[in-house]
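Each of the next two complexes has chain A plus one other chain: chain B in the first, chain C in the second.
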Partner chain A sequence: MNIKVKAPISTAVAIGVGVIVLAGYFIPSMDSIRFILLRTGLVLAAVALLVGIINLATVHIKKIGKESENSGYSLILLISLLITLIVGITDMAQTYLVGRPNFQITNWVFTNIQLPIETSLLAVTTISLTYAAAGILRKRMNMFSISFFFVVLLVLLGSFSIPSATIPFLQVIRDWILRVPALGGARGLLLGIALGTITTGIRVLLGTDRPYGG
Partner chain B sequence: MIGANLLDFIGLALGFLLTILVFSYLLGDNPFFRLAVHIFIGVSAAYVALVTINNVLIPRLIVPLINGSRGETLLSILLFIPSLFLFFKVTPLRKLGNWSVAILVGIGAAAAIGGAITGTLFPQILGSINSVDPSTYTVSGNKWFQTINGIIVVVGTLTTLIYFHFGTQDVPGRTDKRLPIIENISQIGKVFLSITFGALYAGVFLTALAALVERLSFLWEFFNKIGFELFSSL
Partner chain C sequence: MSATGFTGIVVVVLFVGLMISFSIINNNRKSIHVRPIAAYEKIKKEINVSVEDGTQLHISLGRGGITGPESAAGLAGLILLKQVIDKSSMCDHPPVASTGNAVLSILAQDTIRGSSQALNLADQQKNPSGELTGVTPFSYAVGTLTTIRDDNVSANIHTGWFGNEIIWLTTAGERQSSPTIAGTAQLPAQSVIYASASDPLIGEELYASGAYLGAGKLHKASISAQDVVRWIIVFLILGSILFNLFGFNTFIEDILAGSL
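Our next item is the complex of A and B:
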C-alpha cells in the first residue's frame, strides 16, 4: 500500500505542536511549555491578522487597477486605511520614541468615524429585525414560528422598565423563560458547539484535516 | 482652545454625516451607504492592525527582544522566524509560509479542544446535573417548583442535542430518514430551540433599539448644537 502524505513537514509540525499543547492541559509538568507555545500562537495570530489586512489592501489595489464599477469604493477604503494607519503610527512613535503616551488622534478617529458608523449599522438592524419578526408568521405559520414569535413578544414586553408601562406578571414570565426553557436550549447548543469543536480539533491533530495547505 | 473646539465640532459633523449615510440604507442599497461601509472597513482594519501592533507585537515580541533577559531574547528571535515566514502567504511564494500556519493551526486546535472541555463541556454538564440536584436548590424557593424547572432544563438540553443528531443507518430499500424515536424527540428539541432563539432575538433587538435611540439622540443634539452656534454667532 502506497500512502502519499501531502506536506509532511507542515503536518508533522501541526500534530507535534498541538499534542504538546493538549498534553499541557492534563500533565502539570508540561504547563510551562504549553504557556510558551500559547504565547507563540498569540504572536503568530497577531502577525496572521496583519497578513490578512495586507491581503485586503492588495485585493483593493488590484480592483483599482482594473477600473471596474466599484473601483472608487476601493480607493476610498484604501485612503481611509492609510490615513488611520499613518495617524496611529505617528501616535505610537510619539509614545514609544518620545515617551509621551498620547493616542489622542487615534481616539478621535475611533470616536468620530468608527463608532458612529458601527452604532448606526446596529441601529439600522432594528428596522430589519422588526420586518423579519413581523414577516415570520406570514411566511411560515407553524408551531415553531408561533412559539418563536410569542417568546420574542413576551421577552420584549417583560423588559420594559418604564414605571407606567411595567407589567409585573410579564416580568415574571420573561424571567422564567430566560431561566428555564431558553437556558435548556442554550445549554444544548453550547454542548453541541463544544462537541463539534472537539471533533474538529481532533481531526486536525490526527492530520485528517489539514487547513494549512497540506 | 479654539483648535480643540473646532476639532470637536468637525468630529461631531463627521459623525452626523456618517450616521446619515448609514441611515440612507433605509431607502434601499445606495452609493452613500456603500461609501460609509467602505470607509468603515478601511478604518476598522487599520484600527485592528494598530491595536494588534500596540497590544501584542510590541510588548510580546519587540520589547523582550530589546530589553528582555537572555531567555526572552532567544525566544523572541525564535518567534521572529515563523512570523517572517507568515508574510510569504501574501507573495507568490506562499507555500513557504505553510509551516508557520501549521504551527498556528496546531496550537489553535489544541487550545480549542482544551477550552471546549474545561470551559464549556464540564461546566455545562455540571450545571445540568446541579439543576436536578435537590442539595443545590435555594432554601427560600419552592422545592417542587425548582425540581420541575430543573427537569425542564435537562429535557431542553437533551432534546436540543438530539435535534442535531443527523446520523442514519444505511439500509437498502429504506429512506435515509432518522429513526422515528429520534425524529419525535427532535421535534421537542426544536420547540426549545425556537424559545432560545426567540429570547436571543429579543436581546439583540433590545441592543439594536438602544443603539437606534443613541443615534437619534445624537442627531437631535447635533441639530441643537448647530442651532446654538448659529444663535451665538448672530
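Our next item is the complex of A and C:
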C-alpha cells in the first residue's frame, strides 16, 4: 500500500523537476529556476554522501559479525573511517577556535596516506591494462581482436621518445592512426552515446523509466 | 532564444515524436526484430543460471551521480538492475548491487526495495543491497572486489560510469571464472572493457538494456528513434562533405556576408 501512495508523488516530482531543468537549458528566462533546482540537488547529494557513509559502515559492521575471510579488511576500514572522522572533527573544532581555516592534520592524512595508496593502485592499474591487452587474443580470437592487438602494438612502438629507439616510419603510422581511424571511431561512439543519453533522459521525463521506488 | 536553445528543443521534440510514433506503430506488430547483442543474451542466460543454482548476480553501477553528464549511464545501470530483479523473481537470492556514488546507492536500494515489494521478496525489503563501496575511483574498485570474490556470485554485470579502474573489476571476475558483462560511457574505459571483459557493451548498447530485456514498447521505440536520427546524422555528414567538395559552403558564406 505504501508504494502506491509514494510512487505517483515521486514520479510527479521527478518529471516536473526534469522538465524545468531541461527547459532552463533552452529558455534563458528559466535559467534562474534551473540553477536553484540544481543547487538544491547538489546539497541533497552532499546529504546523500553522509547517508552513504553510514550505509558503508553498517555493511562492514555486519561483515565483521559474519566472521568471513574478508572481515579483517572490514575492521581496517571501520578503524580508518573512525580515525579520519576524529581527525576531521578535531580540525573543524580548531578552525572554529582559531577563527581561520586550519586543516593541517586532514591534509597530512591525505598527502601521506591517501595519495601514496592511490598512486600505487594507479601503478598496478598500468600493469593490469598491459596484461589485459596481451590476453585479448586468448580471450576472443576474431578479426576485431587481432586488429585491436596490432594497433596497440603499432601505437606503442611509434610512441618512443628516446632518439635511439624512435622509428620515424612507425611514428607517421601512429600519428595517422590517432588522427584518422581512432578519432573517427571515437566520434562515432560518442554520437551513439549521445543518442542513447537523449533517449534515456526522455524515457525518464515521460515516466516510463522510474529508477526511484520501483 | 539562442540558436543552440532552438536546436535543442527541435532535437527533444523530434525524439519524443519519433518514440511515441514508433511505440504506436510497434503496438500493431507481433514481433519487433532488433540486432542480437551477445552481452544481453548472456545476461538472460546468467539470470536462468542464478535461478537454477540459487546464486546471485552482482551488478555494479559505477560512480556517476545524477547531476552531471554521467547521469544517463547511471540511470541506464538502474534500469538494467530493475529488469534483472523483475526477471529473477523466482530466484532465492535477488541481485546484489554496488555503487561508487551515494545518490546512486540510495536509488539502487530504492529500486531493489520497490521491485522486491512488487515481487513479494520479503527478505530484500528488509535488507536491500546497494552498497556504497567507496567514493573515489580506486576505493570503489577495491571495495567492490570483495563482492566479486563472493562464492555465491555467479556473474558480474558492470554498467554505468567507470574509468580505467574497471580493469580491476573485470580481471577479478576473470580470476573467479565468472562471466563479466561490462559497459560504460567513457571512451578510454570502453577500450579497457573490450580487452578485458568476456562480454563487452560498446557505445550506445549500454542504454539499450530495456529493449533487450523486455522493459516495454517505449524502450524498443527509442531504439528505432535512435536509428532514424542516426540516418539523419549520416546524411548531414555526407551532405556537408559534398558541400565542401563542390564549394557550396563558400557560396553560402558569400550570400550570408551580402557580397553577392
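What we mean here is this: the second predicted complex is superposed on the first by the 197 of 214 C-alpha atoms of A that agree within 3 Å, B and C clash if a C-alpha of one lies under 4 Å from a C-alpha of the other, contacts with A are read in each partner's own complex, and residues count from 1 in each chain.
Methods note: contacts are C-beta pairs under 8 Å (C-beta built on N, C-alpha and C of every residue); 3 or more make two chains touch, one makes a residue touch a chain.
Computed from a predicted model, the values in this text were never measured in an experiment.
> Name the contact category of A:L156: first (chain B only), second (chain C only), both, or neither.
The answer is first: A:L156 touches chain B but not chain C.
> A:I27 contacts which: chain B (first), chain C (second), both, neither?
In the superposed model, A:I27 contacts chain C only, not chain B.
> Once the shared chain is lined up, is A:G201 touching chain B (first), chain C (second), both, or neither of them?
both
> Using the touch definition from the top, say if A:V59 reaches chain B (first), chain C (second), both or neither.
second
> For A:P211, using the defined touch cut-off, is the partner it touches chain B, chain C, both, or neither? Pick first, second, both or neither.
A:P211 sits against chain B and chain C alike.
> Just to be sure I read the superposition right, which of the two partners does A:K139 touch: chain B = first, chain C = second, or both, or neither?
It touches chain C, and chain B stays clear.
> After the superposition on A, what does A:S147 contact: first (chain B), second (chain C), both or neither?
First partner only, chain B.
> For chain A, which side has the bigger count of touched residues, chain B or chain C?
B
> Does any part of chain A touch chain B in one structure and chain C in the other, and if so which residues?
7, 22, 25, 38, 41-42, 44-45, 48-51, 53, 55-56, 73, 117-118, 121-122, 125, 129, 133, 148, 186, 188-193, 195, 197-198, 200-202, 204, 211-214
> Once bound in the complex, which stretches of chain B touch chain A?
Touch residues, chain B against chain A: 7, 10-12, 14-16, 18-19, 22-23, 25-26, 34-50, 52-54, 56-58, 60-61, 75, 79, 82-83, 86-87, 89-90, 94-95, 98-118, 120-121, 124-125, 127-128, 149, 152-161, 163-164, 189-209, 211-212, 214-216, 218.
> Which chain C residues qualify as touching chain A in the complex?
That would be residues 1-2, 5-6, 8-9, 11-12, 15-16, 19, 65-67, 72-73, 75-76, 78-79, 82, 101-103, 105-107, 109-111, 113-115, 117-118, 130-133, 135-136, 138, 141-142, 146, 149, 164-165, 167-168, 170-171, 185, 187, 190-192, 194-196, 198, 202-204, 206-208, 210, 215-216, 218-219, 222-223, 225-226, 229-230, 233 of chain C.
> Under the stated contact criterion, what part of chain A meets chain C in this complex?
2-3, 7, 22, 25-28, 38, 41-42, 44-45, 48-53, 55-56, 59, 63, 70, 73, 117-118, 121-122, 125, 128-129, 131-133, 135-136, 139, 148, 186, 188-193, 195-204, 206, 208-209, 211-214
> Okay, in this complex, where on chain A does chain B touch?
So the residues of chain A touching chain B come out as 7, 9-11, 13-22, 25, 36-51, 53-56, 58, 73-74, 76-85, 88-89, 92, 96, 106, 108-127, 129-130, 133, 143-145, 147-152, 155-156, 159, 176-195, 197-198, 200-202, 204-205, 211-214.
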